[in-house]
Structure formats: C-alpha cells, structure tokens
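Dropping the structures in below, format is structure tokens.
Next come two complexes, and both contain chain A; in the first it sits with chain B, in the second with chain C.
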Partner chain A sequence: MQDVVNQVINTSFGWGWPSWAIALIGYLIVAALLFGIAPFQMLFLTLYERRAIARMQDRIGPNRVGPEGMFQPLADGVKIFTKEDIVPTAADQWVHFIAPCVVVAPTMFMFAVLPWGPGMVPVDMNLGLLFFFAISSVSAVGLMMAGWASSNKFALVGAMRAVAQMVSYEIPAVLSLLAIVLVTGSLSIVELINYQGGLFISTRDVASVPDWGLGWFIFSPVGFLAFIAFFIAALAEGERTPFDIPEADSEIVAGYMTEYSGMKFGLFYLAQYVLNFLLCAITSIIFFGGWQGPGVGWLYAQAITPVNPQGGWVFNVLAGVLGVFYFLTKTYGFFFVMVWIRGAYARLRIDQLMDFGWKFLIPLTLVNIFSAAIWVGLTKWGAADGLAFVEGWSPLVRWAAAFGVTLALNLGAYLFLARIFAQSQDERARQDDDVLEQLTNVA
Partner chain B sequence: MLKTEELQINIGPQHPSTHGVFRMLVTVDGETVTDLKPVFGYLHRNHEQIAEVNTYLQNMPYTDRLDYFNAMANNHAYAMAVEKLVGIEVPERAEYIRVLMVELTRILNHAGALGFLINDMGAWQTQLAFGMREREKILDLFESVSGARLMCNYFRFGGVARDLTADFMPRLKDLLVAMPAFIDEMERLLRENEILLQRSEGIGILPKDLALAYSVTGPVLRGSGVAYDIRRAEPYSIYDRLDFDVPVGSVGDVYDRILVRIEEMRQSKRIIEQVIAQLPDAQGGHINPKARQNVRPPVGDVYARVETPKGELGFYLVSDGSSRPYRYKVRAPSFINLTPLGDMCRGYKVADMVVILGSIDIVMGEVDR
Partner chain C sequence: MTTETQHGSVIVMDRRRGKLRAGQGLLQGLRVVWDHWAGSFRKNDNFSKIHGTFTVEYPEERLPMPQAYRNMPVLLFDDESGHELCTGCYQCQRICPPQVIHITQAKDPVTGKMVPAATEFIIEYDACMSCGFCAEVCPFDSIKMDHVYELSTANRASLTMRKAQLNRSISYYTGIAPGLWAEVQAGAMKKLQGSIKRRPDVIGLAASLTEKIKARRLELAAAAAAAPAAAAVSAPAAPAAPAAKLTPEEKAAKLAAMKAANANKGAAPAPAEAPVALSPADAKAAKLAAIKAANANKGAAPAPAEAPVALSPADAKAAKLAAIKAANAAKQAEAAPVSVETAVATAPLDAKAARLAAIKAANAAKLAAEQGNNE
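Moving on, here comes the complex of A and B:
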C-alpha cells in the first residue's frame, strides 16, 4: 500500500512528502479498510451459512429481505442494535461490559498480518505466524471474563469448557504449524506463501519446477498431516461443530454468552464468525498457498514492486484481483466444510474432546515435526551439515526420497496411533454390524 | 490440593432441551452428574378432573392433547376403554383402519423422536429436518381422513369418524414405497457416524431389573432387553392376525433404544403392508351403525391399554351409570418412563444427561396431565 501511496503522492502529484507521513497514511487506509472488511465478512458468512445449511436440510433459508435474502444480516444487525441490553443485577458490571470487547479486539488484530494478495499484506511481520496465534489466545481471557462476571452457572460451566478447550487445542494447532515453519525456516506469513510457488513441488525445494503457484504444502506428507491436525484444531478453536462444546445449546443454553443480550451478544457473534473466517484464511494460506495460483506470480512480476519499479499498475490490479479471488475461494471453501460438518455431525463430549486432543492429535503432530526435520535434512542439507550420502543426488531425487520417507513415517504413525486410540475406546465399543440380526427376535 | 465443590444447577423449566417445561435439579461435580431429581408438574392442566365433568364423547378430543405426537394412539386407548365399558362391537374394517392409523403414528413418532435425540446430541437440525419431512407426509394423510393434522380426534365409539378417502390408498402406497429409503438413511446416519456412536454407546444404561422395577414400558423397556409389547403380550384389536417382530436391545443404553426405534419403524411398515392387503376383504363399514355416541355405560369400571409408540397407555374409567365418567385415570407412558431418569443419569456427564432424557422420548403434555 505504501508503494502505491508513495507513487500517487510523490511521483504523480510531486508533493515530496516525508516517508513517515507516507507510512502513516498507508497504515490508516489499510486499517480503515480492514475495519470495514471484518464485519462484512461476518455478515456475509452468517448468510452463507444459513443458506448453505438450509439446502442440506431441504429448506430454502432466508430469502425475504432483499434479493436472495442478501440484506438479512443487515436486518438482523438492526434488530440486535435495537434490543434492550440487559445486565443481570448480580453480575460484575464492569467485567460483564468489557468481556465482549476483549473477545472482539484480538480478532481485529489478527487481520493485521493476513495477506490478501501479492503485496497486499497490512504488516509484513517476520514473526507474523507467532503474532497471529499469540493474539488469538487472548480471547480465551475474554471468554473467562464473560462467564465469570455473568454470575450464572451455565455461563461459568461454558467459560470453563471454552478455556479448557482453547488451551488444549492450541497445542496441536501450533505443533502442526511448527512442522511447516521448520520446512520454510521462517515465521513470516508472506514468506510462507512465497514458498508455495511451483507445481506440486515447491520451487524452493526443486528450483527447476515451473512456477504455476501450485507448490502447496498440502501436496507433501508433512503438510497433509499438519493440515488435517490443524483443521481439526481450528474447528475446536473456532467452537464449530463437532467441538461447539462451550456453547452447547442443548446442554448449557448458550455457554458463556447466556447472560448477554443486544449488541453485546452481537459482538460475541461477530468475534466468533470473524475468528472462523480467520482460521479458514490461515488454513488456506499455510497449506493451500493463500493467494498462490496459476497466473498470479507472472502477473505480479510485471507489476510495480520495490524489485521492479518500472512495472505497469494494471498488473498490480490484475494480480491483486486474481490473488484475492484465489484466496477467498479457498477460504470460503474451508468455511463451507465447516458448515457442512455442522450440518452433518453431532457434538462430542468434553472428555472425548480432551482424549482426542491429548492422546491422538498431539502425538501425531509431534511425529509430524520429526518428519519435517527429515524433510529438511534430505532436501536442504549437504555434506557440510552431516548428510554426506545425499551429496551428488539431483534435487528431484532428494525431494522424492524425502517424500517417500516422510510418507512412510506419517502413515505408520497415524495407523499406530489410530489403533492405540481405538483400543482405548474399547470399553464402549460393544456392538458391530450384525447386531440387529441378534436383536430382532420374535417375542 | 484444591478444594472442589459440588454445584447445583437447575436444568429447566425453561431450557432448550427439556422437551417442554420440565425441570431437572442436577448436582454436578465438575462435568459429572452426581445426583438428578426430575421435577414435574409445570404443565399440569387438570386433565383428569376436566374429563370427569365432560361426557364420554367430549373426552375424545381431550385425549389428543395428552401426547400430541400420537393423537391417534391416544384415541385408540380411550375408545377401547369406553367400548369395553359399554360393550360396543367394532366392525372389522374399522379395526383395520384403526391399526393402520396407529402404526402410521408409530413411524411418525419414532422419526421425530430420533431426530430430536440427535438434536440433543448437538447436531444442528439436519437429522431432525429429515425426520420431520417424513412426519409431514404422514400428517398429510391424517389430514385427508380426519381433517386435522395434529389433533385428529378421529376415533369414535364403535369405529372411526369417517371412512378412508378415495385418494388415501394411492397416497399411502406412494409413502410406503419411499419409506425404506428414509429408514435406511436414518439408520446410516445413526449407526455409521463415529461421533453419534461415541455419544450413545454405553450411555444411560437402564438394567433389566431396574426397568421392570420402575414399570417402564415401550422402547425404553425393550431397549433394556425385555421383550414386552402389549400388541403381543395381550393382543387387542386385530394384532393377533398380523405378523411382526418385537425388537429387543441387549444392554439398555441409548444406542439400544435407537436401534429398537429404527427396527420398530420397519415392523410398523410391515404391519401396514399386511393391513393394506387384508383391508379390502374386511367386513363392515368404518363404524358400527348401531353404536350410540352419547353413551351411558352401566355401573362398573374398566382398564384398557394399548401399546403407543412411547409405551403402555392405559385408561381407567369408573362409571356410575351417568353420561359422565365418575373417575378417569390415565396411565401415561412418558410419565412412568421418566421416573428412572435420576438412576440412569447418575455418574454420567452433563452432556450425556440431555441425551439420556432425549432417548426416553417424552412429551410433557402426557407427563403433566
């Protein structure tokens, strides 16, 4: 953005403003844009979810307000704004008031490091990934505040569940990302996306691969396993079915937001949907290349960039549009998977959730980190680093060797852990497929 | 060591998953239920007392309101009771129509009950919507014969109010053609889903002896492994001529109750097919023309019971020779099946408690009369 602002103010108008003013204006524009985009995502996603799930349930869904029900979220917003804001007399007034803000604010911060297209990242932090997940954990504090301050038993139970769930599922999420970070050698989200150019194989692993923007991590065994683990953990982080335990409506009414009404309740909803969007976005960025796709890399190479100041601005626009298109397609695709799961599955119990996280996902992701280390060793190291035997292999052979070894390791670990986990569930598994034949007897 | 405290929570009377106004006074230790006391009575509306100031026929629509899911089955039990008291003959054709309606009710009830049960497990309405879609088709049929979808008020002393309409049989046959696919789909949803299995297997076990001690009936009892079905144990109407199986569970957990309900839907479909085959040969009309509706039964008392989808529904009537019952007592299956809830939930998690309640399949209109 600063390149563009600089281009407009200093080159086109020739005003010669100092660089700090350019930076300030650039950040202000981006921040204003993001504060518009974040609630818009929420509005869009609620409508999207309601329409999609209605299709699964043989219904039509909201279609009265505006064409195809497009203004339904706005109508809901108006409704929620005009509702009375009720604060229970027994509640801690201040904490009850602050809690929704504490939940919403981190989700807005997380947008700061989210790249939308080539060169379209608000802040290219070299610790972007760490920032993203560190900030996302803050909302757990807000949930606890909401639950505790409401002075309601349902809210308290819900908050306890929410915190327990978020804390335990952040571990597999971060462990699965650690494997990816090990491969890229960087915590910068932009660097992570740049790594995923290529065709099935990343150009950073094998330089001779054509750059079609398809060298996604999902195509490697390490990335695939990390993706599965991360997406499951993301469902738990975003409190989506089957892990919507903190707000299990059939058990504890609405969990930590039981005592909230009006726009405070709306803020919790906003936070939740924006978080879901962000989790889908980060999934698509880390494992599916974000804005990477056929054509974006080539277009961006012709555009005005610090590397190539002589480019044409048309290519900036084209690369941006195509990149954002790829990015949002992937992101909404993942959101559709979330909706799909919600339409199909029931909810797990809190102890089953914990069992699954600690006994299955965490060991699996730990093995995956080991695989990632092998991947890095085989594809990047040479005699100087201690792997003398790979010296002289061509990059493609080294990549194939790394692929084979990590695939075998991950598959083996998965099968082994799945067996152990199934055995630990044996006490409940008592019936199998031919049970109905036994059951049906003539009285 | 941290000191922990038990927490008392009121689940209900206003709660999303208590299936009406019902309160459970739950003591929880963390997430584990240590004690549960069901509290009824919020929907008490003096049903039995009102029935004693009405004439016998005026009570027929009131029985619809007991278990509003199964209006036909309630009608059947009450009609049987009065017919026994007065001594009214029911023509063969009317009996076939009655059985047809009651078995359709059974399918409708189980489709809804399974849907609501999965909703209690935390699914978001999809399975419920599938169940309700099937229920709608059956309600359409009810509407065509009785004029009402829910509160049918279709049975009369000595038969049923109207004969089947001309288009009833073709529509019923269409329904039966589509039904196996629905039942299979429901079964796949319930039995091939790891999460649902985890949530239902080994949960809410009601042992056989405890079930008998609480005099539980219906799918809950059969899920606990007791092959007791009034249609078999004490055949009424024309059930002795029909061929059907009584499915029984083995452990008595939520999963067994699910399986029993799925299989009962299949058996009901089997019964309906036999009824369709035998109906054209049945003697008589849809109602005994000699039967008076403003009955004045002789002095005496009677107990008549049927197997509704939820269990044994019995009507105990005492007549003092006037046109109004002297005493009118309902033995409601939902109410009696609900009493062992505390024993079933103890030791399980809060989330299981809701599922166990759902697996009993109650309607509060019948629990609090």
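Moving on, here comes the complex of A and C:
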C-alpha cells in the first residue's frame, strides 16, 4: 500500500512528501479498510450462521429481509442501535462502559497481521503469530471487567467461566501452534503461508515437488493432530458450542453480557463474531495454506513485486482475487464447521471442559511437539546436527520416514490418551450414578 | 437394542462403557446433522420422512385449519330468514372466564316483554382467551369459534366487537366446520324456528340484513297497493318471492291459507255467496271470504302457489282495499272453486293481523266446507 501511495504522491504528483507521511497515509488507508471489513464480516457471519443452523434443524432461517434474507443483519443492526442503553445503578459505571471497548479493540488489532492474499498483509511482522495470540488473550480482561462491573451474579459467574476457559484453552492452542512453528522455523504468518506451497508435500521439505499451492500442513501427521487440537481450542476461545459455557443461556442468562443492552451488547456480539472469523481465518492460514491454492503462486510470480518489478499489474489483481477467494472459501468453510458442531453437540459442563482441556488436549499437543521435533530432525537436520545417518537419504525418503514415524507416534498417543480419558470419564459417570442412587434411593 | 423384561420390551442404549471410544460417537453425531443439512434443500411434504424442511412459509402458504380449531367466537345467523340464532340467554356471558361477553336482551317495544333475541352483543376480543367455553355452553348453537386468526391491529378499541361485527352466516360456518355444524344442525334449526315465532318485527334479525328486509317489505307493500287486483298473477312481483316468503308471519299466513284452500277445494261446488253469508259477524272475515270468491270469479285458479305469497301487502289499508275490490268482483261471481293463493296474497304484513285474518279465513273456509258437505 505504501508503494502505491508513494508512487501516486511523489512520482505522479511530484510533491516529494517525507517517508513518514507516506507511511502514515498508507496505514490509515489500510486501517480504514479493515475497520470497514470487520463489522461487515460480523454482519455476514450472523446471517450465515443463522441460515446454516436453520438448515441443520430442517428449517429455512431468516429469508424475509431482502433476497434470501440478505439485509437481515442490517435490520438487526438498526434495531440494536435504537435500543435503550441501560446501566445498572449498582454497576461500576466506568468499567462497565469501557469493557466492551476492551473486548472489541483486540479483535481489531488481530487484523493487523492477517494476510488476505499474496502480498496483501497490513503488517508483515516477524512475530505475527505470537502477536496474534497475545492480543487475542487481552479480550479476557475485557470480559472480566464486564462481568465484574455489572455487579450481577450471572455476569460474574459468566466472566469467571470465560476467563477460566480462555486461559486453559490458550495452552493447547499455543502448544499445537508450537509444533507448526518448529517445522517452519518462523513466527511470521506470511512465512507460514509461503511454506505451504507444493502438492501434498511442501516444497520446502522436498524441493522437487511441483508448487500447486497445496502443500498444506494438514497433510502431515503433525499438522493434522495440531489442527484437531487447535480447532477444538479455537471453539473454546471463540466461545462456540459445545464450549459456550460462559454464556450458557439456560444456566446464567447471557453470562458476562447479562447487564448489557443496546449497542454495548452489540459490541460484545461484534467482538465475538469477529473473533470467530479470525479464528477460522487463522486456522485456514496455519493448516490449510491461507491464500495458497492452485494458480495463485504462478500468478503472483508474474506480478509486480519487490522481487519482480517488471511484472504486469493484471497479475497482481488476478493473484489477489484468486488468493482472497481461496482464503475466504476456507475461512467460511471453517465457520460452517463451527456451525455444524453447534448443530450437533450439546454444551459441556465446566468440569468436563477442564478435564478435556487439561487431561486430553494438553498431553496430546505435547506429544505432537515431540513429533514435530522428529519431523524437523528427519527432514532438515544433517551431520552437523548429529544426524549423520539421514544424510544419504533422498529428500523424498526423508520425508516418507518422517511421515511414518510421526504418524505412528501421534496415532499411538491419540489412542492411548483416548482410552485413558474414556476410562476416567466412565469412572466419573459411575461415581455420579452411585451418588444419584444414594440420593434418590432408587436402583 | 431392545431387551425383553417381564413388563415388556425395553430399549437399552449401548453406551459402550469401558470400551475404547476414539471419537466415533462424535463423528456419528456430525453425520446425523450433515444428513439433515443436506436433506434440507428439499421440501418435506410427507411427515413420515425425517429429512427435508417442514417450514410453511406463512404469509404465502397456509396450513388448512382443522374444523375444531378455535380462535375467536362469532355469532351465527340463518342465511334464509336472516334471523340470529342467539336468544340472549346469558349462558355464554356467565361462563366466560375473563368476562368479556356483554349482552343486552331484546324487549318487545309494545309489550315490554323479553323477546328471545339480543339487541346488543359485545365481545372484547382483546381479552378473550379463546377458551371456547362460550361456544360449548351455548344451548342454541349460536356462538361458534371462528378460524380467522389475523386480528392484529394498532388500535386496541377496534377489538371490541359489536353484534354487527360478530355476525356470520351459517353458510360461512359450514364452510369452515361442516362436520361440526352437521352434528348440531337439526336441533339448532328447530330451536331457531321456536325463537322466530316469538320475535316481533325485525327483532332478532342480523343487523346487516335488518334494513334490507325492512325496505323490501315496504317495497312489496307498495307494489301490492299499486296493483292489488292483478297482484295474484302479476309476473314482476314473482321474483321477489324468495326474499320475503320466509318471514314468520307470512309463513303462518301461508299455512292458514293452505288449510283454508284445502277445505275450500273440498267445497268446490259451493256457491260464492255462501262463505260471505256464513261470516256476517266479522267484517274482516267477510272481506277475506269475498276475496276468495273474487279470485274464484276471476278464474285465475291455476296460478302458481308461491307467487301470491310473495305479494303479501305490508299495509293493512292496502289489504283492505284489495279485499274490498275483490269482494266487489266476487259479488258478480256465480260459482267458482276457491283457490288458496288469494287468501295468502292479501294477508296483512302485521303479524297479529295476519294471524287473525288467517285464522278467520280458515274458520270461514271450514264453515264453507261444512256447508258444502252438508249441501
């Protein structure tokens, strides 16, 4: 963006503005774009979710406002804007007021490092992944503020649950990403996507593989297990069913949002859906190659880039459109899976949630990190690192060996943990039955 | 999996406790939901199927209502006579749990006595809870539950329904609940006939029809006054028959006239003067007899039975006039068979007068018959 602005101002008009002004204008334009896109995503996703879940329940869903209910979110938005804003007298006014902003702001920040297409990233940070997840945790503070300031027991219980859940599920999420980071050797999100060129096998692992933009991490055992763990953790982070415990309507009204009305409530909703979008987006970026797909890499190679200034601008546009198309298709696909899961499963109990997170997901992701280390060792290391015996193998053999070993390790770990977890759950269920029997005196 | 116990077969869920569950159950759950999602793009019009959307897109599509569906109560009136079935018995007002029915009993304007009809009948639809008690308790099957459910309004007062708004014809009700009406029809209609006998003038007529019937009666009276002599056979008056023929007083007159006619038929050979001579006491009776004679004189015997009924003049004066003219004509008559129609044609509208005249006519006819037989 800054290149374009520089081109227009300093070359076309010849005004000779300083580089900081150019940078400022460039970032402002991008920020304005993103602030437009984020609420739009939320509006679209609410409609998308309602239509999809309706289909799963043999209904049709909102289809009255505009063609196929297209303007339903707008109507909802207008409604929520015109609602009265009620602040309880017992509430801590300022904290109550600031909490929605603290929840929304991080989700906007997260857009800063999100690549939409080849070369289309607001800020290519070399710590992008860390930034993304560090910022996402900030919203837990906002939730706690909201729950505490409302001085409402449901709100407080909801906030406690939200924070407990977020904190415990950040760990498996980050651990599963750690495995990927081990493989790529970089925390940059752009680098992460670039790694995933190829066809089934990444070109970085085996250079002879044709680059069809399909060398996604999901095709390796390490990536697959990380994907499962990460997606489950993402559901918990985004407070999606079956982990929507913080706002379990049947138990605690609306959790930390109980005392919010009007547009403040709308902001929480906005934050939630934007966060869901971002989690789906980051899932598709990390495990499904983001904008990677057949054709994008080739198109981008012909485009005007710092590496290739002689390219044609048509290819920039084509690569961008195709890349964004792939990216959004995957993202909305994951959102569909989220809705699908919501349609299928019942809400967990808070203790089941904690059990599952700490006793199943975290051990599994720890094993996965071990697998990732083996993968890196077998595909990248050589004699210098003390693995002389792989030196003579061809890249494909090395890749195959890594695939086999990690697959066996991950599958074994999964089955073992599943068995232990199932046994512990059975034991718990048996105890529950015993207690019930004692309480009711009925066999 | 079903298991047989001594109480019958019981479904036992195999929860696979203690077995290795590596997520198959979760996947099965996803499978079920997926099938529903994929199946939902078809419409499910056969309710034995599990998949497909069931949604009825309401404003465009509507489900047919079951007969016994009940929304708000309405009052029925008889299509043919225009009489309401309600007698103002207060049963519904008494049973209504939220007490939203308000009835004013009709009174005879002359005698001040109760008449089996309601002059005003109000139901506050806004507070009615559609319990249907009123319809169930009504001994005259007058109040029935309507199927119209689109009653939303921005104006609460417009939900206070008066009698005119509550009136529905029986044919409307048979349209929405034919079976339910068929069950009660015989009894309801019989009771209605009983009520009609006790209702003077236009009391108890459906409000939408009251004015119409009144106007029609006046019109008929005028027509009869204008052409009294030709009335019995005149064609233009005939089409009006269905509208007026069913008012109770006319029915009573018709009945009496028929009896008279039958008697007269037996006494066909009797001379025209005989009936006149036989009822000297009462002037009216004499006139009636004279009319009969006149008719016979005219030789218009084969006139259709219904037509004259339609022509009954509403006005007593007109009737008298006609009677006199007929009497004059009759005086010139030698002998002729007496026909039914004339008597009816001249029956005065006023119920009492009509009945009186009819009775007298009947008496005269009876006497004539006896005379004829005797002779």
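Operating definition for what follows: the second predicted complex is superposed on the first by the 414 of 443 C-alpha atoms of A that agree within 3 Å, B and C clash if a C-alpha of one lies under 4 Å from a C-alpha of the other, contacts with A are read in each partner's own complex, and residues count from 1 in each chain.
We adopt the following convention: contacts are C-beta pairs under 8 Å (C-beta built on N, C-alpha and C of every residue); 3 or more make two chains touch, one makes a residue touch a chain.
Since this is a predicted model, take the numbers as computed values, not measurements.
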Which superposed partner A:70 touches (first chain B, second chain C, both, neither): neither
Partner chain in contact with A:130 - chain B first, chain C second, else both or neither: neither
Touch count on chain A, higher of chain B and chain C: B
Partner chain(s) touched by A:340 [first = chain B, second = chain C, both, neither]: second
Contacts of A:59 with chain B and chain C, given as first, second, both or neither: both
Which superposed partner A:400 touches (first chain B, second chain C, both, neither): neither
Which superposed partner A:29 touches (first chain B, second chain C, both, neither): neither
Touching partner for A:349 - first (chain B), second (chain C), both, neither: first
Residues of chain A that lie at the interface with chain B and also at the interface with chain C: 56-59, 343-345, 429
Interface residues, chain B side, partner chain A - complex: 7, 9, 15-17, 28, 31, 118-126, 129-130, 133, 193, 195-199, 201-202, 227-229, 232-233, 245-251, 255-256, 259-260, 263, 349-354
Chain A - residues contacting chain C, complex: 52, 55-60, 340-341, 343-345, 414-415, 418-419, 422-423, 426, 429
Interfacial residue positions of chain C with respect to chain A in the complex: 17-23, 26, 29-30, 32-34, 36-37, 39-41, 44, 51-55, 57
In the complex with chain B, residue positions of chain A that touch it: 53, 56-59, 153-154, 157, 241-242, 244-245, 248-253, 342-352, 425, 427-431, 435-436, 438-443
